[in-house]
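Taking it in order: structure first as C-alpha coordinates, then the write-up.
Chain IDs A, B, C and D follow the sequence of writing; residue 1 opens each chain.
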Amino acid sequence: MMVFRFDIPVRWVDTDALKVVHYSNYFRYVEEAEEELYRSLGFTFKELNEKYEIAIPRVEACCRYKVPARYGDILTVGLRLGEKTEKTMRYDFEIQRKSDDELLCSGYLKVIGLDLGTWKATTLPADLTVKVADALK
Amino acid sequence: MMVFRFDIPVRWVDTDALKVVHYSNYFRYVEEAEEELYRSLGFTFKELNEKYEIAIPRVEACCRYKVPARYGDILTVGLRLGEKTEKTMRYDFEIQRKSDDELLCSGYLKVIGLDLGTWKATTLPADLTVKVADALK
Amino acid sequence: MMVFRFDIPVRWVDTDALKVVHYSNYFRYVEEAEEELYRSLGFTFKELNEKYEIAIPRVEACCRYKVPARYGDILTVGLRLGEKTEKTMRYDFEIQRKSDDELLCSGYLKVIGLDLGTWKATTLPADLTVKVADALK
Amino acid sequence: MMVFRFDIPVRWVDTDALKVVHYSNYFRYVEEAEEELYRSLGFTFKELNEKYEIAIPRVEACCRYKVPARYGDILTVGLRLGEKTEKTMRYDFEIQRKSDDELLCSGYLKVIGLDLGTWKATTLPADLTVKVADALK
(Lines give C-alpha, C1' and ligand atoms only; values in the text may rest on other atoms or scores of the structure.)
Protein backbone atom coordinates (compact mmCIF):
# COMPACT_ATOMS: atom_id res chain seq x y z
CA MET A 1 0.00 0.00 0.00
CA MET A 2 1.30 3.40 -0.99
CA VAL A 3 1.60 6.18 1.53
CA PHE A 4 1.85 9.88 0.72
CA ARG A 5 4.37 11.49 3.05
CA PHE A 6 4.89 15.17 3.69
CA ASP A 7 7.29 16.81 6.15
CA ILE A 8 6.23 19.76 8.28
CA PRO A 9 8.50 21.53 10.77
CA VAL A 10 6.73 22.39 14.03
CA ARG A 11 6.16 26.14 13.95
CA TRP A 12 6.53 28.23 17.08
CA VAL A 13 2.94 29.49 16.85
CA ASP A 14 1.69 25.89 16.93
CA THR A 15 3.09 25.22 20.40
CA ASP A 16 1.27 26.00 23.63
CA ALA A 17 2.30 26.81 27.18
CA LEU A 18 3.08 23.13 27.86
CA LYS A 19 5.80 23.58 25.20
CA VAL A 20 4.13 21.01 22.95
CA VAL A 21 2.04 21.29 19.81
CA HIS A 22 -1.59 22.11 20.57
CA TYR A 23 -3.78 19.11 19.83
CA SER A 24 -5.93 20.94 17.28
CA ASN A 25 -2.90 21.67 15.12
CA TYR A 26 -2.31 18.05 14.18
CA PHE A 27 -5.57 18.25 12.22
CA ARG A 28 -4.13 21.25 10.42
CA TYR A 29 -0.94 19.36 9.64
CA VAL A 30 -2.99 16.50 8.18
CA GLU A 31 -4.91 18.93 6.00
CA GLU A 32 -1.64 20.51 4.89
CA ALA A 33 -0.41 17.07 3.79
CA GLU A 34 -3.75 16.46 2.04
CA GLU A 35 -3.39 19.78 0.20
CA GLU A 36 0.12 18.77 -0.88
CA LEU A 37 -1.17 15.37 -2.03
CA TYR A 38 -3.69 17.15 -4.27
CA ARG A 39 -1.07 19.62 -5.45
CA SER A 40 1.18 16.68 -6.38
CA LEU A 41 -1.75 15.29 -8.42
CA GLY A 42 -2.39 18.61 -10.11
CA PHE A 43 -5.42 19.66 -8.01
CA THR A 44 -6.24 22.33 -5.49
CA PHE A 45 -9.30 22.80 -3.29
CA LYS A 46 -9.84 25.96 -5.31
CA GLU A 47 -10.02 24.10 -8.62
CA LEU A 48 -12.40 21.60 -7.11
CA ASN A 49 -14.57 24.54 -6.06
CA GLU A 50 -14.35 26.36 -9.37
CA LYS A 51 -14.08 23.62 -11.99
CA TYR A 52 -16.28 20.91 -10.47
CA GLU A 53 -18.43 23.16 -8.30
CA ILE A 54 -17.83 20.86 -5.41
CA ALA A 55 -16.05 21.13 -2.10
CA ILE A 56 -14.79 18.26 0.03
CA PRO A 57 -15.55 19.18 3.62
CA ARG A 58 -14.72 16.84 6.46
CA VAL A 59 -17.59 14.84 7.97
CA GLU A 60 -15.48 13.08 10.57
CA ALA A 61 -12.10 13.67 12.15
CA CYS A 62 -10.45 11.60 14.87
CA CYS A 63 -7.01 11.53 16.40
CA ARG A 64 -5.27 9.51 19.12
CA TYR A 65 -2.33 11.28 20.69
CA LYS A 66 0.60 9.20 21.92
CA VAL A 67 3.70 11.38 22.18
CA PRO A 68 3.79 15.19 21.98
CA ALA A 69 5.61 17.07 19.23
CA ARG A 70 7.89 19.89 20.36
CA TYR A 71 9.39 22.96 18.80
CA GLY A 72 12.36 21.99 16.68
CA ASP A 73 10.82 18.67 15.60
CA ILE A 74 10.22 17.93 11.94
CA LEU A 75 7.02 15.91 11.55
CA THR A 76 6.28 13.43 8.80
CA VAL A 77 2.59 13.16 8.01
CA GLY A 78 1.69 9.92 6.24
CA LEU A 79 -1.66 9.55 4.44
CA ARG A 80 -3.22 6.27 3.36
CA LEU A 81 -6.52 5.84 1.58
CA GLY A 82 -9.08 4.08 3.77
CA GLU A 83 -12.70 3.18 3.01
CA LYS A 84 -14.08 4.80 -0.12
CA THR A 85 -17.67 5.19 -1.31
CA GLU A 86 -19.14 7.17 -4.20
CA LYS A 87 -19.47 10.27 -2.05
CA THR A 88 -16.79 9.83 0.60
CA MET A 89 -13.11 9.02 1.06
CA ARG A 90 -11.37 8.30 4.33
CA TYR A 91 -7.75 9.23 4.84
CA ASP A 92 -5.94 7.32 7.57
CA PHE A 93 -3.03 9.33 8.89
CA GLU A 94 0.02 8.84 11.04
CA ILE A 95 2.27 11.61 12.23
CA GLN A 96 5.83 10.63 13.08
CA ARG A 97 8.84 12.53 14.36
CA LYS A 98 11.19 12.51 11.42
CA SER A 99 14.42 12.21 13.41
CA ASP A 100 13.59 8.78 14.88
CA ASP A 101 10.27 7.75 13.26
CA GLU A 102 8.52 7.75 16.63
CA LEU A 103 4.75 7.64 16.15
CA LEU A 104 3.24 10.77 17.72
CA CYS A 105 -0.40 10.41 16.76
CA SER A 106 -2.70 8.69 14.32
CA GLY A 107 -6.27 8.92 13.17
CA TYR A 108 -8.45 9.57 10.19
CA LEU A 109 -10.33 12.19 8.25
CA LYS A 110 -13.44 11.41 6.24
CA VAL A 111 -14.24 13.81 3.43
CA ILE A 112 -17.45 14.07 1.42
CA GLY A 113 -18.32 15.54 -1.94
CA LEU A 114 -20.46 18.65 -1.48
CA ASP A 115 -22.34 20.21 -4.40
CA LEU A 116 -21.73 23.94 -4.06
CA GLY A 117 -24.95 24.70 -5.96
CA THR A 118 -27.34 22.74 -3.76
CA TRP A 119 -25.00 22.46 -0.73
CA LYS A 120 -25.88 18.73 -0.62
CA ALA A 121 -23.72 15.59 -0.65
CA THR A 122 -22.69 14.52 -4.13
CA THR A 123 -20.52 12.00 -5.95
CA LEU A 124 -16.82 12.82 -5.78
CA PRO A 125 -15.40 13.64 -9.24
CA ALA A 126 -13.84 10.52 -10.77
CA ASP A 127 -10.96 12.67 -11.91
CA LEU A 128 -10.06 13.24 -8.25
CA THR A 129 -10.82 9.82 -6.82
CA VAL A 130 -9.04 7.91 -9.57
CA LYS A 131 -5.89 9.96 -9.15
CA VAL A 132 -5.98 9.68 -5.37
CA ALA A 133 -6.65 5.94 -5.51
CA ASP A 134 -3.84 5.55 -8.00
CA ALA A 135 -1.38 7.50 -5.86
CA LEU A 136 -2.34 5.70 -2.63
CA LYS A 137 -3.24 2.23 -3.89
CA MET B 1 -27.60 14.42 33.51
CA MET B 2 -26.17 17.88 33.80
CA VAL B 3 -24.66 19.64 30.82
CA PHE B 4 -22.25 22.58 30.97
CA ARG B 5 -23.15 25.02 28.22
CA PHE B 6 -21.07 27.88 26.92
CA ASP B 7 -21.87 30.26 24.06
CA ILE B 8 -19.22 31.28 21.53
CA PRO B 9 -19.83 33.65 18.62
CA VAL B 10 -18.19 32.49 15.41
CA ARG B 11 -15.20 34.76 14.87
CA TRP B 12 -14.27 35.95 11.42
CA VAL B 13 -10.78 34.45 11.66
CA ASP B 14 -12.33 31.02 12.29
CA THR B 15 -14.04 30.91 8.90
CA ASP B 16 -12.41 29.66 5.72
CA ALA B 17 -12.85 30.32 2.00
CA LEU B 18 -15.98 28.13 1.93
CA LYS B 19 -17.47 30.75 4.28
CA VAL B 20 -17.85 28.18 7.04
CA VAL B 21 -15.93 27.50 10.23
CA HIS B 22 -12.76 25.48 9.60
CA TYR B 23 -13.18 21.97 11.00
CA SER B 24 -10.18 22.25 13.32
CA ASN B 25 -11.74 25.20 15.10
CA TYR B 26 -14.59 23.20 16.63
CA PHE B 27 -11.95 21.45 18.74
CA ARG B 28 -10.81 24.87 19.88
CA TYR B 29 -14.38 25.85 20.77
CA VAL B 30 -14.73 22.67 22.82
CA GLU B 31 -11.53 23.47 24.68
CA GLU B 32 -12.74 27.00 25.27
CA ALA B 33 -15.91 25.59 26.86
CA GLU B 34 -13.79 23.18 28.92
CA GLU B 35 -11.66 26.10 30.14
CA GLU B 36 -14.82 27.97 31.13
CA LEU B 37 -16.11 24.88 32.92
CA TYR B 38 -12.93 24.80 35.00
CA ARG B 39 -13.07 28.54 35.56
CA SER B 40 -16.65 28.15 36.82
CA LEU B 41 -15.33 25.54 39.27
CA GLY B 42 -12.46 27.75 40.41
CA PHE B 43 -9.70 26.06 38.37
CA THR B 44 -7.45 26.98 35.50
CA PHE B 45 -5.06 24.83 33.46
CA LYS B 46 -2.36 27.06 34.93
CA GLU B 47 -3.27 26.19 38.51
CA LEU B 48 -3.35 22.52 37.63
CA ASN B 49 0.17 22.96 36.25
CA GLU B 50 1.48 24.96 39.17
CA LYS B 51 -0.41 23.67 42.20
CA TYR B 52 -0.76 20.00 41.33
CA GLU B 53 2.19 19.74 38.93
CA ILE B 54 -0.03 18.02 36.45
CA ALA B 55 -1.36 18.84 33.04
CA ILE B 56 -4.39 17.30 31.36
CA PRO B 57 -3.45 16.79 27.72
CA ARG B 58 -5.85 15.21 25.28
CA VAL B 59 -5.24 11.58 24.34
CA GLU B 60 -8.15 11.30 21.95
CA ALA B 61 -10.31 13.76 20.04
CA CYS B 62 -13.12 12.94 17.62
CA CYS B 63 -15.77 14.97 15.90
CA ARG B 64 -18.60 14.26 13.44
CA TYR B 65 -19.65 17.26 11.40
CA LYS B 66 -23.29 17.58 10.34
CA VAL B 67 -24.07 21.20 9.49
CA PRO B 68 -21.53 23.98 9.02
CA ALA B 69 -21.37 27.04 11.27
CA ARG B 70 -21.16 30.40 9.53
CA TYR B 71 -20.05 33.87 10.44
CA GLY B 72 -22.73 35.58 12.49
CA ASP B 73 -23.81 32.38 14.23
CA ILE B 74 -23.62 32.06 17.98
CA LEU B 75 -22.66 28.53 18.94
CA THR B 76 -23.62 26.72 22.10
CA VAL B 77 -21.07 24.14 23.19
CA GLY B 78 -22.50 21.53 25.55
CA LEU B 79 -20.19 19.31 27.61
CA ARG B 80 -21.22 16.09 29.33
CA LEU B 81 -18.99 13.84 31.41
CA GLY B 82 -18.48 10.46 29.73
CA GLU B 83 -16.41 7.50 30.88
CA LYS B 84 -14.09 8.26 33.77
CA THR B 85 -11.13 6.29 35.11
CA GLU B 86 -8.50 7.18 37.72
CA LYS B 87 -6.30 8.78 35.11
CA THR B 88 -8.74 9.85 32.39
CA MET B 89 -12.00 11.70 31.83
CA ARG B 90 -13.99 11.79 28.62
CA TYR B 91 -16.02 14.85 27.70
CA ASP B 92 -18.82 14.25 25.22
CA PHE B 93 -19.67 17.43 23.37
CA GLU B 94 -22.37 18.79 21.13
CA ILE B 95 -22.19 22.09 19.33
CA GLN B 96 -25.50 23.68 18.42
CA ARG B 97 -26.47 26.86 16.63
CA LYS B 98 -27.98 28.96 19.37
CA SER B 99 -30.69 30.61 17.25
CA ASP B 100 -32.54 27.36 16.45
CA ASP B 101 -30.71 24.65 18.44
CA GLU B 102 -29.67 22.85 15.25
CA LEU B 103 -26.97 20.30 15.99
CA LEU B 104 -23.85 21.21 14.02
CA CYS B 105 -21.38 18.63 15.27
CA SER B 106 -20.72 16.26 18.12
CA GLY B 107 -17.87 14.20 19.45
CA TYR B 108 -15.65 13.68 22.43
CA LEU B 109 -12.35 14.59 24.00
CA LYS B 110 -10.48 12.27 26.33
CA VAL B 111 -8.07 13.91 28.74
CA ILE B 112 -5.42 12.25 30.88
CA GLY B 113 -3.54 13.29 33.99
CA LEU B 114 0.12 13.95 33.17
CA ASP B 115 2.73 14.29 35.89
CA LEU B 116 4.83 17.29 34.88
CA GLY B 117 7.82 15.98 36.84
CA THR B 118 8.04 12.57 35.17
CA TRP B 119 5.96 13.42 32.08
CA LYS B 120 4.03 10.15 32.68
CA ALA B 121 0.31 9.41 33.10
CA THR B 122 -0.90 9.96 36.64
CA THR B 123 -4.08 9.97 38.72
CA LEU B 124 -6.22 13.05 38.15
CA PRO B 125 -6.48 15.20 41.31
CA ALA B 126 -9.64 14.30 43.23
CA ASP B 127 -10.18 18.01 43.79
CA LEU B 128 -10.70 18.38 40.04
CA THR B 129 -12.58 15.19 39.26
CA VAL B 130 -14.99 15.51 42.18
CA LYS B 131 -15.90 19.06 41.19
CA VAL B 132 -16.30 18.14 37.54
CA ALA B 133 -18.36 15.05 38.36
CA ASP B 134 -20.49 17.13 40.68
CA ALA B 135 -21.09 19.81 38.06
CA LEU B 136 -21.84 17.32 35.29
CA LYS B 137 -23.47 14.46 37.21
CA MET C 1 -13.54 60.39 24.13
CA MET C 2 -15.48 57.18 24.31
CA VAL C 3 -13.76 53.83 24.35
CA PHE C 4 -15.36 50.51 23.48
CA ARG C 5 -14.09 47.87 25.86
CA PHE C 6 -14.37 44.12 25.53
CA ASP C 7 -12.94 41.44 27.82
CA ILE C 8 -11.30 38.31 26.45
CA PRO C 9 -9.85 35.52 28.57
CA VAL C 10 -6.52 34.24 27.26
CA ARG C 11 -7.23 30.85 25.72
CA TRP C 12 -4.79 28.00 26.10
CA VAL C 13 -4.41 27.60 22.34
CA ASP C 14 -3.29 31.23 22.10
CA THR C 15 -0.20 30.66 24.23
CA ASP C 16 3.14 29.48 22.90
CA ALA C 17 6.11 27.59 24.29
CA LEU C 18 7.34 30.72 26.12
CA LYS C 19 4.06 30.42 28.10
CA VAL C 20 2.86 33.76 26.78
CA VAL C 21 0.31 34.75 24.16
CA HIS C 22 1.74 34.53 20.61
CA TYR C 23 2.17 38.02 19.20
CA SER C 24 -0.10 37.39 16.21
CA ASN C 25 -3.02 36.63 18.51
CA TYR C 26 -3.30 40.17 19.85
CA PHE C 27 -4.41 41.17 16.35
CA ARG C 28 -7.10 38.50 16.61
CA TYR C 29 -8.22 39.85 19.98
CA VAL C 30 -8.50 43.33 18.51
CA GLU C 31 -10.62 42.00 15.69
CA GLU C 32 -12.78 40.12 18.16
CA ALA C 33 -13.40 43.40 20.01
CA GLU C 34 -14.13 45.12 16.69
CA GLU C 35 -16.67 42.41 15.84
CA GLU C 36 -18.32 42.91 19.24
CA LEU C 37 -18.39 46.67 18.68
CA TYR C 38 -20.29 46.10 15.44
CA ARG C 39 -22.56 43.56 17.06
CA SER C 40 -23.36 46.10 19.78
CA LEU C 41 -24.31 48.55 17.01
CA GLY C 42 -26.46 45.97 15.21
CA PHE C 43 -23.97 45.07 12.47
CA THR C 44 -21.94 42.08 11.44
CA PHE C 45 -19.20 41.71 8.82
CA LYS C 46 -21.66 39.37 7.10
CA GLU C 47 -24.37 42.02 6.80
CA LEU C 48 -21.83 44.49 5.46
CA ASN C 49 -20.95 41.88 2.84
CA GLU C 50 -24.50 40.99 1.98
CA LYS C 51 -26.49 44.19 2.46
CA TYR C 52 -23.97 46.80 1.36
CA GLU C 53 -21.85 44.56 -0.87
CA ILE C 54 -18.77 45.85 0.84
CA ALA C 55 -16.13 44.36 3.04
CA ILE C 56 -13.82 46.25 5.40
CA PRO C 57 -10.42 44.63 5.08
CA ARG C 58 -7.42 45.92 6.98
CA VAL C 59 -4.88 48.01 5.08
CA GLU C 60 -2.55 48.54 7.98
CA ALA C 61 -1.98 46.86 11.32
CA CYS C 62 0.63 47.78 13.92
CA CYS C 63 1.27 46.72 17.48
CA ARG C 64 3.87 47.56 20.15
CA TYR C 65 4.28 44.89 22.77
CA LYS C 66 5.18 45.91 26.31
CA VAL C 67 4.25 43.13 28.72
CA PRO C 68 3.24 39.58 27.78
CA ALA C 69 -0.19 38.13 28.52
CA ARG C 70 -0.26 34.73 30.15
CA TYR C 71 -2.74 31.93 30.49
CA GLY C 72 -5.26 32.77 33.19
CA ASP C 73 -5.23 36.49 32.40
CA ILE C 74 -8.40 38.26 31.35
CA LEU C 75 -7.58 40.93 28.78
CA THR C 76 -9.50 44.14 28.22
CA VAL C 77 -9.31 45.36 24.66
CA GLY C 78 -10.08 49.08 24.31
CA LEU C 79 -10.93 50.58 20.91
CA ARG C 80 -10.88 54.28 20.08
CA LEU C 81 -11.71 55.85 16.74
CA GLY C 82 -8.65 57.47 15.15
CA GLU C 83 -8.32 59.25 11.83
CA LYS C 84 -11.28 58.83 9.52
CA THR C 85 -11.62 59.52 5.80
CA GLU C 86 -14.43 58.73 3.37
CA LYS C 87 -12.98 55.31 2.65
CA THR C 88 -11.01 54.46 5.80
CA MET C 89 -11.28 54.34 9.57
CA ARG C 90 -8.45 53.82 12.01
CA TYR C 91 -9.01 52.06 15.30
CA ASP C 92 -6.47 52.78 18.00
CA PHE C 93 -6.32 49.94 20.48
CA GLU C 94 -4.90 49.20 23.88
CA ILE C 95 -4.91 45.81 25.51
CA GLN C 96 -4.75 45.77 29.29
CA ARG C 97 -4.66 43.02 31.88
CA LYS C 98 -8.00 43.32 33.59
CA SER C 99 -6.81 42.43 37.08
CA ASP C 100 -4.50 45.44 37.45
CA ASP C 101 -5.03 47.53 34.29
CA GLU C 102 -1.42 47.02 33.23
CA LEU C 103 -0.95 48.02 29.61
CA LEU C 104 0.25 44.98 27.64
CA CYS C 105 0.28 46.32 24.11
CA SER C 106 -1.13 49.06 21.94
CA GLY C 107 -1.40 49.87 18.27
CA TYR C 108 -3.86 50.49 15.51
CA LEU C 109 -5.79 48.91 12.68
CA LYS C 110 -6.79 50.82 9.59
CA VAL C 111 -9.78 49.45 7.68
CA ILE C 112 -10.96 50.40 4.22
CA GLY C 113 -14.27 50.07 2.38
CA LEU C 114 -13.96 47.47 -0.37
CA ASP C 115 -16.60 47.15 -3.09
CA LEU C 116 -17.19 43.42 -3.42
CA GLY C 117 -18.38 43.85 -7.03
CA THR C 118 -15.32 45.64 -8.37
CA TRP C 119 -12.95 44.63 -5.53
CA LYS C 120 -11.86 48.31 -5.36
CA ALA C 121 -11.75 50.82 -2.51
CA THR C 122 -15.08 52.52 -1.89
CA THR C 123 -16.79 54.91 0.49
CA LEU C 124 -17.69 53.31 3.81
CA PRO C 125 -21.48 53.15 4.33
CA ALA C 126 -22.65 56.17 6.34
CA ASP C 127 -24.87 53.82 8.30
CA LEU C 128 -21.73 52.16 9.68
CA THR C 129 -19.48 55.17 10.10
CA VAL C 130 -22.12 57.32 11.79
CA LYS C 131 -22.90 54.60 14.31
CA VAL C 132 -19.23 53.91 15.00
CA ALA C 133 -18.43 57.62 15.32
CA ASP C 134 -21.38 58.04 17.63
CA ALA C 135 -20.34 55.14 19.84
CA LEU C 136 -16.68 56.20 19.97
CA LYS C 137 -16.95 60.00 19.80
CA MET D 1 21.80 43.90 0.33
CA MET D 2 21.02 40.24 0.83
CA VAL D 3 17.48 39.02 1.26
CA PHE D 4 16.45 35.73 2.80
CA ARG D 5 13.54 34.31 0.82
CA PHE D 6 11.21 31.51 1.82
CA ASP D 7 8.19 30.18 -0.07
CA ILE D 8 4.95 29.32 1.71
CA PRO D 9 1.85 27.97 -0.02
CA VAL D 10 -1.37 29.55 1.26
CA ARG D 11 -3.05 26.92 3.40
CA TRP D 12 -6.81 26.49 3.33
CA VAL D 13 -7.09 27.12 7.08
CA ASP D 14 -5.41 30.52 6.63
CA THR D 15 -8.20 31.86 4.42
CA ASP D 16 -11.35 33.52 5.70
CA ALA D 17 -14.89 33.97 4.44
CA LEU D 18 -13.77 36.71 2.02
CA LYS D 19 -11.72 33.93 0.36
CA VAL D 20 -8.48 35.71 1.17
CA VAL D 21 -5.78 35.12 3.76
CA HIS D 22 -6.70 36.55 7.16
CA TYR D 23 -4.55 39.57 7.94
CA SER D 24 -3.13 38.09 11.14
CA ASN D 25 -1.68 35.16 9.20
CA TYR D 26 0.87 37.25 7.31
CA PHE D 27 2.59 37.81 10.65
CA ARG D 28 2.70 34.03 11.04
CA TYR D 29 4.20 33.65 7.57
CA VAL D 30 6.89 36.18 8.44
CA GLU D 31 7.71 34.27 11.60
CA GLU D 32 7.84 31.03 9.62
CA ALA D 33 10.40 32.62 7.28
CA GLU D 34 12.33 33.91 10.29
CA GLU D 35 12.38 30.39 11.77
CA GLU D 36 13.69 29.04 8.47
CA LEU D 37 16.35 31.77 8.36
CA TYR D 38 17.57 30.64 11.78
CA ARG D 39 17.36 26.99 10.78
CA SER D 40 19.50 27.78 7.71
CA LEU D 41 22.03 29.33 10.10
CA GLY D 42 21.96 26.37 12.44
CA PHE D 43 19.74 27.90 15.13
CA THR D 44 16.28 27.33 16.51
CA PHE D 45 14.23 29.40 18.96
CA LYS D 46 14.53 26.35 21.22
CA GLU D 47 18.31 26.43 21.24
CA LEU D 48 18.25 30.14 21.94
CA ASN D 49 16.01 29.35 24.91
CA GLU D 50 18.05 26.43 26.16
CA LYS D 51 21.64 27.26 25.27
CA TYR D 52 21.68 31.04 25.71
CA GLU D 53 18.76 31.25 28.15
CA ILE D 54 17.29 33.98 26.07
CA ALA D 55 14.18 34.36 23.95
CA ILE D 56 13.65 36.87 21.18
CA PRO D 57 10.07 38.10 21.54
CA ARG D 58 8.66 40.74 19.23
CA VAL D 59 8.37 44.27 20.59
CA GLU D 60 6.85 45.75 17.47
CA ALA D 61 5.05 44.37 14.43
CA CYS D 62 3.59 46.35 11.55
CA CYS D 63 2.16 45.43 8.19
CA ARG D 64 0.67 47.34 5.25
CA TYR D 65 -1.64 45.27 3.10
CA LYS D 66 -1.84 46.01 -0.62
CA VAL D 67 -3.23 42.97 -2.45
CA PRO D 68 -4.85 39.94 -0.84
CA ALA D 69 -3.39 36.44 -1.08
CA ARG D 70 -5.77 33.68 -2.09
CA TYR D 71 -5.91 29.93 -1.79
CA GLY D 72 -3.69 28.35 -4.40
CA ASP D 73 -1.11 31.15 -4.25
CA ILE D 74 2.46 30.43 -3.32
CA LEU D 75 3.88 33.31 -1.30
CA THR D 76 7.50 34.38 -1.17
CA VAL D 77 8.45 36.00 2.11
CA GLY D 78 11.57 38.16 1.86
CA LEU D 79 13.44 39.24 5.01
CA ARG D 80 16.00 42.04 5.17
CA LEU D 81 17.88 43.17 8.25
CA GLY D 82 16.87 46.67 9.31
CA GLU D 83 18.08 48.76 12.26
CA LYS D 84 20.12 46.82 14.78
CA THR D 85 21.07 47.70 18.34
CA GLU D 86 22.75 45.64 21.05
CA LYS D 87 19.41 44.34 22.27
CA THR D 88 17.19 44.55 19.18
CA MET D 89 17.04 43.63 15.51
CA ARG D 90 14.45 44.78 13.02
CA TYR D 91 13.44 42.57 10.13
CA ASP D 92 11.89 44.35 7.18
CA PHE D 93 9.69 42.00 5.22
CA GLU D 94 7.91 41.86 1.90
CA ILE D 95 5.48 39.17 0.88
CA GLN D 96 5.08 38.61 -2.84
CA ARG D 97 2.96 36.28 -4.92
CA LYS D 98 5.49 33.90 -6.40
CA SER D 99 3.77 33.47 -9.77
CA ASP D 100 4.12 37.13 -10.81
CA ASP D 101 6.14 38.78 -8.02
CA GLU D 102 3.24 41.08 -7.15
CA LEU D 103 3.83 42.74 -3.79
CA LEU D 104 1.02 41.73 -1.42
CA CYS D 105 2.14 43.32 1.81
CA SER D 106 5.19 44.68 3.57
CA GLY D 107 6.21 45.70 7.05
CA TYR D 108 8.61 44.95 9.83
CA LEU D 109 9.13 42.99 13.01
CA LYS D 110 11.37 44.19 15.79
CA VAL D 111 12.74 41.51 18.10
CA ILE D 112 14.49 41.97 21.44
CA GLY D 113 16.78 39.79 23.50
CA LEU D 114 14.96 38.61 26.64
CA ASP D 115 16.86 37.07 29.54
CA LEU D 116 14.77 34.06 30.57
CA GLY D 117 16.19 34.18 34.10
CA THR D 118 15.27 37.77 34.90
CA TRP D 119 12.67 38.19 32.12
CA LYS D 120 14.37 41.51 31.27
CA ALA D 121 15.80 42.88 28.01
CA THR D 122 19.33 41.71 27.34
CA THR D 123 22.06 41.84 24.70
CA LEU D 124 21.38 39.52 21.78
CA PRO D 125 23.99 36.73 21.56
CA ALA D 126 26.76 37.73 19.14
CA ASP D 127 26.65 34.21 17.77
CA LEU D 128 23.14 34.93 16.48
CA THR D 129 23.52 38.54 15.39
CA VAL D 130 26.78 37.97 13.57
CA LYS D 131 25.34 35.07 11.60
CA VAL D 132 22.15 36.97 10.79
CA ALA D 133 24.07 40.11 9.79
CA ASP D 134 26.35 38.00 7.66
CA ALA D 135 23.47 36.26 5.91
CA LEU D 136 21.52 39.50 5.35
CA LYS D 137 24.32 42.02 4.92
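The criterion applied here is as follows: contacts are C-beta pairs under 8 Å (C-beta built on N, C-alpha and C of every residue); 3 or more make two chains touch, one makes a residue touch a chain.
A quick note: this is a predicted structure, and the numbers were derived from the prediction, not measured.
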For this session: Check B-D against A-D and say which one is joined by more contacting C-beta pairs.
Result: A-D
Exercise. Most remote chain relative to chain A, going by C-alpha centroids?
Worked result: C
Problem set entry | Mean-CA-position distance for chain D and chain A (Å) | 27
Exercise. Using CA atom averages as chain centres, what separation in Å is found between chain B and chain D?
Worked result: 33
Seminar exercise, completed: Going by residue number, chain C touches two or more other chains at 12-13, 17, 20, 24, 28, 31, 45-46, 70-71
Problem set entry | chain C to chain B touching residues, read off their complex | 9, 11-13, 28, 31-32, 35-36, 39, 44-47, 70-72
Seminar exercise, completed: The chain A residues in contact with chain B across the complex are 17-18, 20, 23-25, 27-28, 31, 45-46, 49, 55, 57-66, 68
Problem set entry | In the complex with chain A, residue positions of chain C that touch it | 12-13, 15-17, 19-20, 22, 24, 70-71
